[in-house]
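To keep things simple, chains are lettered A, B, C, D, E and F as they appear, and every chain counts its residues starting from 1.
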Amino acid sequence: MNDYWSMVFVFVLATFIGLGVIRRVSRLLYTPLMSLTNAISAIAVVGSIAVTGGEYPKAIRVLGAIALFASMTNIVSGFLITDRMLKMFKKQ
Amino acid sequence: MNDYWSMVFVFVLATFIGLGVIRRVSRLLYTPLMSLTNAISAIAVVGSIAVTGGEYPKAIRVLGAIALFASMTNIVSGFLITDRMLKMFKKQ
Amino acid sequence: MTYAVAQVAAILATALFIFSLYWMNDPKTARHAVVAGVSGMLVAVLATWFQPEIVHHGWIVLAIVAGFIVGIPLSLVPLTAVPQRTALSHAFGGLAAGLVGTAEYFLGLTEHPAQLTAFRTSAIVAEVILGFLTFTGSLMAAGKLQEVKWIPQRPVTYPGQNVVNIGVLVIAVALGVVVVVHPTAAWSGQVFYAIVGLAVLFGVLLIIPIGGADMPTVISILNSYAGLSAVAMGFVLGNKLLVTAGALDGSSGLILSIIMCRAMNRSFTNVLFGAFGTVQKTVATGEQKAWKQETVEGAAQLLEQASLVVVIPGYGMAVAQAQHRVRELYDQLTKRGITVKFAIHPVAGRMPGHMNVLLAEANIPYSALVEMDEINPDMPQCDVALVIGANDVVNPAARYAKGSPIYGMPIIDADKAKTVLAIKRSKNPGFAGIDNELYVQDNTWMLFGDAKAVIGELVKQLAGGGGLH
Amino acid sequence: MTYAVAQVAAILATALFIFSLYWMNDPKTARHAVVAGVSGMLVAVLATWFQPEIVHHGWIVLAIVAGFIVGIPLSLVPLTAVPQRTALSHAFGGLAAGLVGTAEYFLGLTEHPAQLTAFRTSAIVAEVILGFLTFTGSLMAAGKLQEVKWIPQRPVTYPGQNVVNIGVLVIAVALGVVVVVHPTAAWSGQVFYAIVGLAVLFGVLLIIPIGGADMPTVISILNSYAGLSAVAMGFVLGNKLLVTAGALDGSSGLILSIIMCRAMNRSFTNVLFGAFGTVQKTVATGEQKAWKQETVEGAAQLLEQASLVVVIPGYGMAVAQAQHRVRELYDQLTKRGITVKFAIHPVAGRMPGHMNVLLAEANIPYSALVEMDEINPDMPQCDVALVIGANDVVNPAARYAKGSPIYGMPIIDADKAKTVLAIKRSKNPGFAGIDNELYVQDNTWMLFGDAKAVIGELVKQLAGGGGLH
Amino acid sequence: MKIGVPKETAADERRVALTPDVAGRLGKSGLAVLVERGAGEAASFGDEAYQAAGATVVPAAAALFRQSDVVLKVQPPSRGEVRLCREGAALVAVFQPSAARDAVAALAARKVTAFSLALLPRITRAQAMDVLSSQATVAGYKAVLLAAAAAGRLFPMLVTAAGTLAPARVLVLGAGVAGLQAIATARRLGAVVSAFDVRPAVQEQVESLGAKFLRLEITEQAEGSGGYAKELSEETHRRELAFIAQHLKDTDVVITTAAIPGKRAPLLITAGAVGGMKPGSVIVDLAAETGGNCELTKLGRDVVRNGVLILGPANLPSTVPYHASQMYARNVSSFLLHVTRDGTLVLDFDDEITRDTCVTHAGEVRKP
Amino acid sequence: MKIGVPKETAADERRVALTPDVAGRLGKSGLAVLVERGAGEAASFGDEAYQAAGATVVPAAAALFRQSDVVLKVQPPSRGEVRLCREGAALVAVFQPSAARDAVAALAARKVTAFSLALLPRITRAQAMDVLSSQATVAGYKAVLLAAAAAGRLFPMLVTAAGTLAPARVLVLGAGVAGLQAIATARRLGAVVSAFDVRPAVQEQVESLGAKFLRLEITEQAEGSGGYAKELSEETHRRELAFIAQHLKDTDVVITTAAIPGKRAPLLITAGAVGGMKPGSVIVDLAAETGGNCELTKLGRDVVRNGVLILGPANLPSTVPYHASQMYARNVSSFLLHVTRDGTLVLDFDDEITRDTCVTHAGEVRKP
């Protein structure tokens, strides 16, 4: 139980940070920001790895591997495309 | 152990929030802000209450009571004076 | 020890993600943001991977390699396809969360029933619902944006839609409660599948009534859902990194969609709940040419992105005495390296040289003024023609409408610009008293209001760079 | 259940504290901040109090009542004494933390030796050192500010000071390590007392070399220390609310002192480490007045709060060609209902009527221009005198400095305004080539930079409403 | 078709009907341009410039008139010029037929097709030919310069070591084209400007130049056809005079431009009102040529009464010959191109512009 | 102590040394002010206004001079006026002693204490008395108005249905007080202005008015004492002439104000350079009184050469008598208060201002 409460605490604090940080983003950066948060949301990769690599039944691990693949795709394409877009912001 | 790490986590997140929130404070409000954070730092009152009200040796509880008194002074005077200062910011 | 390493890694990764988002505030630091994000992800992946519980590495490597193989080409889509790509990506993210949730549940069911506490089971159910609805919802959104032929682009609505949608969601949640209460009953697995099915269905239903214009906002909300499903996963796995990263993502998606709704003058709740009720009306007006309004934010953005802006002032600028604001706008744009020209029509205003008098008063350099004959050949290259209280002098009817009082008057070819932004107070005509089709052209956006006020707002946008409060 | 209540209370209190600090960003919402802070504190106190472990209530009530009795008068000190009061308050806070830490340690020592794990003991030691050094440090700071006679106001320095100070701290920390390693040895109690003693001593030593001008920054740092000691207490008690509130406090104190150092052109590390090494020099110069810099943000806020702003333009406005920016500023301020007057000195600029030419170009209405003789009687009522690139015409030396080339010239009495904001590029003198004491007056704040750029920033602040970048 | 540009013969007329630049353009569109020697000199356009632009310089007026199919002038033709005109030729100038009855009769007698651009309808597509507007622009500008040069004070406000100079208060009466330009020019110089006109639509236009509009509530309809003003009823006129007199008391400079087409200029400032003004004030009466807005105005003369200086300048545009000619040339060439098709004159009397401007044709006087 | 203000006798001098407003102030500080009848009339200050301000109007100059302890004038006294002066009285006016040797000798002979404000040191505390600055301000402003009124073109750029009028290009040579004011005024009217001066410090000042500075690299030190310019070496002068001639080619209006105290005005525009200018251009030479910056300038006359009009106006401030007098009066009264203590003249020759301005005292000529 104790730990769950820590989790909730952490969740609340992190939400505050998220709200605080994003408020000031310039409109110009909305699109890259979406790609970036998209990439970050692929943090589910952590769970996928745990499921895929653990000592579990194969069926479960297959689900994990699919999830891992999906997350990984997100991470790779998300960061790369963000970077690509940001490159275009360099001014003359 | 587990719980200590949660604590550290919480600490780090809260620090981020603190940094983020205060950066934008106007210079006009420095003095009231200091009083306010001064009052909030008296959150140590929570510990003092625990020590004072618990089933502990008297000597310990005396320490707690002194601490409680000190914190309480801070809370009361801190909030009151902050409010007093802020009242002066009302526009014509 | 490994536990401590994992915790330190989690804290580090969290900090990196926070910095990543923070640096995104400013184009100057935005590229650091990517570095921080990548580093955070790397730390997270490695720390997880090196935990002692991870014993099978083959599949992991395989899945990662596959991820790269698919991810790299996905990142090379043309920029016009970026929204679709992001939506697709969300679908993947949702899928991953849903699958992990499913795996966790059946793992509990088959191997460690004790682990299916009420808390964990609730978290799993939340993760699965959020994950799968994000999955199909994002797929639908991507399909709409990509104009896939068997997904209708325009909003599809039918009577009772709200009831159906909410019903599906309610049933899914209710089943979830059932599973939480009886996590290990013989039929629980079936119920769980039902939940998954309903979530998949709900994702589809959610997007069907939303039109293309609202898609960016929807994508942002789906992003938020993806983040929340990661939070749920974090609760399930007891992983604080997942919780923080997910929360960052969830909250930023939320804020972003609120900001975008405001900028586009949409009701956030409508978009959030799948446009229940009102959005249809605005979108479905159909063929007859309509006046399209742009927000100041949108207009500012358009101007910011332009490389050649042609300002066409008219009598309205004079009436509003907006010349000083126009100068501020000029300063803001030229500061960004944008070329700004003032196209002066010979009879703009109400006296010869009316515009000159005002622009000189505002100290617009003569070199920025261009005569009609000079600017017209360049108008097709103009990214934004900003018409400030001019009407007759940009009325294309002068070219062909024989009966019109302005027939034969040469005009400034504002209509040939890539985009037209026009500022006026109302739909009233100008001096000649005739309608102006320029205003209802496809690429024209109106900014209704007093020119001084509107340009003041534009300047504020460009100077302050937004902000919510 | 009580546990859950405590947790929810902790989350609620945390959220309230965060909002409290957030609302403090803006004078408009600042009073909500107090409400939020008080509510948060109330929630925290009640939730703690109603925990089942709390069995003795009498003393608690007593201590709280005593706190009110002392706290209320303390809050009524004259505003000039606010810094002292804050320092004193920090002393109380430090004392409380130190005492609780001591209590915890001896509680562990006498009753539950098992609780003195390395982690907890470290936390206790940290709490005690931070608490007691804050205690005496704050007392010293309060004494210096209150100009108590047996505390020297001016920085006291002596050779080897750094070594002594650092030595004391190092010994305290080393003893702390000893206690952590042997928390329950027979002599541990003694060692613990020694730590307390050294912390008390260090607090005194820390403040001795710091001069009055740096006191506000020091107080802010002490605030940060008080916050950190609360964090340590949170670790000891396993209380997350203490950790968050303490961290908020610690980080905000830190940021605040960094911002203040920057604004006052002080090195933060110097102030942080009790002026080890260099601050003496700057501070020891004693009476000689220093140039104080204001940030654009701060200046914007000052202007916003004013009800009468007198702009005093000079040659610098002309050189910078800042007249259009000045007009924007004028618009921004008058829009807020602030009265803005332009005080035109007869010889401002380099030709008769120089300022008129420029202000007319920017279309500042004649009615906003006031002659020197008319404005001077009103200057004491002026909230902010904004000096834009003027120098000689506001130099008080003209009133009394017989030898000076400008002696006898009537000047605009900018120095009599409540606050002076002065824009210029450097510390260079003006046409007459003489220093201007107005700039180093107590109520003068400099905005260094080209007038056009600085005013542009000010306008941006006022228009866009803030943001850091 | 040959276009002839004689040297203007009227006294003090420094403008020329065509500038080299515009002559060149006409040449490119297939018309031959003849220019009398020295025609542009007073406006700083030398003969070489015309030649360089492709025009032929003709030494004497007689030869020029003889060869020209269309003669372009600024002022109405003198008796002698009418006599020089070829029968059947066309002539374009600016005049009110009612004020030049002799010339009109002579032109008709000589079967000249004469156009007066003063009669141009004020419609959108005629704007490029609108000489009244273009010349009024020059007049409005120049009137302010005359006033500023004649005034004993500076226009802008100046705060100096020798005291503060108050800005001049300028009042513009009649805010048509010239009046608006006068407002703009006076404001440029830093004066505090207010304006008055009977047409209510003008208020917005005056304010669009940053000046103050003085509002007199008038119940009758003061705007006639074509955006021109009508004459006021006697009662309203009396109120107007009192209203203006009131405002003149603290005015330093007055520019009057009020006009009603084809009528005597309305009287706005009585001798009594001048008496109420401060000594040192200046009135520039742009309506001097049509009788003056001020009772004391004498065309072309400076009158001083009670220390108030009243200028009634004649033909102001001619005193800014370079730019006035440039605009005139553009106007007249636009008109010319409007009435020619493929290098010959084509008269379409269904066309509003042609119909309204044609004063004589085929021996007939079309405008009385 | 009685202060006398005679009516100016010089031809074309419309200013008056004291205005009613300032006379009133002097009265309040204990001085009796006598004003000759009609003294302020040409500047629109009537005798009643002086009386209302507490001054006494004296019918004739002779009586006025007889009674006055200090006589305030604008122009240097004529022979007749010197004769009218009371022995031992004081007189304040503006003149260069070197250019008025006769008057100086006569004044000394009559033991008049004469001050010339033209000799005032350009120091901060003398700014309120600085007639050169105040009158140069008026001259700079008026010069532009003269140029604008004389030019064949409009100053501002105007885009109209009759074509676009290019803005006038104005060049100001010498950017002292008059030059800067000319720049400001021309810019107000909408001209494109550039300026040239030999003192490098001027560049910033010119740019501070939004005009362009034409930069000629000069190696020698062109700034002398008191912020005034020095004469240039022959080589530099030659380069300067060529540089200016180059820029004159595409200039429409030139205002020249270059001066070197006590010397003939430097020659900046040769006849050859005028030949290179476009016909219709205008030069206003403010240095005409000290020899002219243009070789062709004739003081008080309009010269036309190659279509270029060269104006050499004399005494421009006098043509704006109201404001020029107002500023002069403030200046001269500041000076008067500086040299009086408790209602009597106190001469402290240790004081820079008194020392520098005093031309004759106790029968001695103190400035050659």
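Points worth noting:
The rule is simple: a residue touches a chain if its C-beta (ideal position, glycine included) is under 8 Å from a C-beta of that chain, and two chains touch if they have at least 3 such contacts.
The structure presented is a predicted model; accordingly, all values stated were derived computationally and were not measured.
With contact taken as defined at the outset, chain B and chain D are each touched by A, C. Between chain D and chain E, the least number of touch steps comes to 1. Comparing the contact residues of chain C and chain D by number shows a mostly shared set, over half of all numbers used being common to the two copies.
Chain pairs C-F and B-C differ in how many C-beta pairs they share in contact, with the greater number at C-F. Comparing the centres of all chains, each the average of its CA atoms, the largest separation from chain E belongs to B. Per-chain CA centroids place chain E at a distance of 37 Å from chain F. In whole angstrom, the spacing between the mean C-alpha positions of chain A and chain D is 38. Averaging C-alpha coordinates per chain places the centre of chain C 58 Å away from that of chain E. Averaging Cα coordinates per chain places chain D and chain F 57 Å apart.
For chain F, residues that reach two or more other chains under the stated contact definition are 127-128, 133-134, 137, 156, 158, 160-163, 165, 188, 190, 210. Those residues of chain D in touch with two or more other chains are numbered 14, 18, 22, 26, 240, 244, 346-347, 352-353, 357, 360-361, 363, 466-469.
Shown for chain B are the residues in touch with two or more other chains, namely 2-3, 6, 9-10, 12-14, 16-17, 20-21. Interface note: chains touch in the pairs A-B, A-C, A-D, B-C, B-D, C-D, C-E, C-F, D-E, D-F, E-F. Across the interface of their complex, chain D is touched by residues 1-2, 5-6, 8-9, 12-13, 16, 20, 24 of chain A. Interface residues of chain B facing chain D in the complex, by the touch rule stated above, are 3-4, 6-7, 10-19, 21-57, 59-61, 63-87, 89, 91-92. On the side of chain C, the complex with chain E involves touching residues 315, 318-319, 321, 346-347, 349-354, 357-358, 360-361, 392, 405-409, 432. For chain F in complex with chain D, the residues that touch the partner chain are 123-125, 127-128, 133-134, 137, 177, 180-181, 184, 187-188, 204-205, 207-210. Those residues of chain C that touch chain D in the shared complex are 25-26, 28, 324, 327-328, 331, 361-363, 459-460, 463-467, 469.
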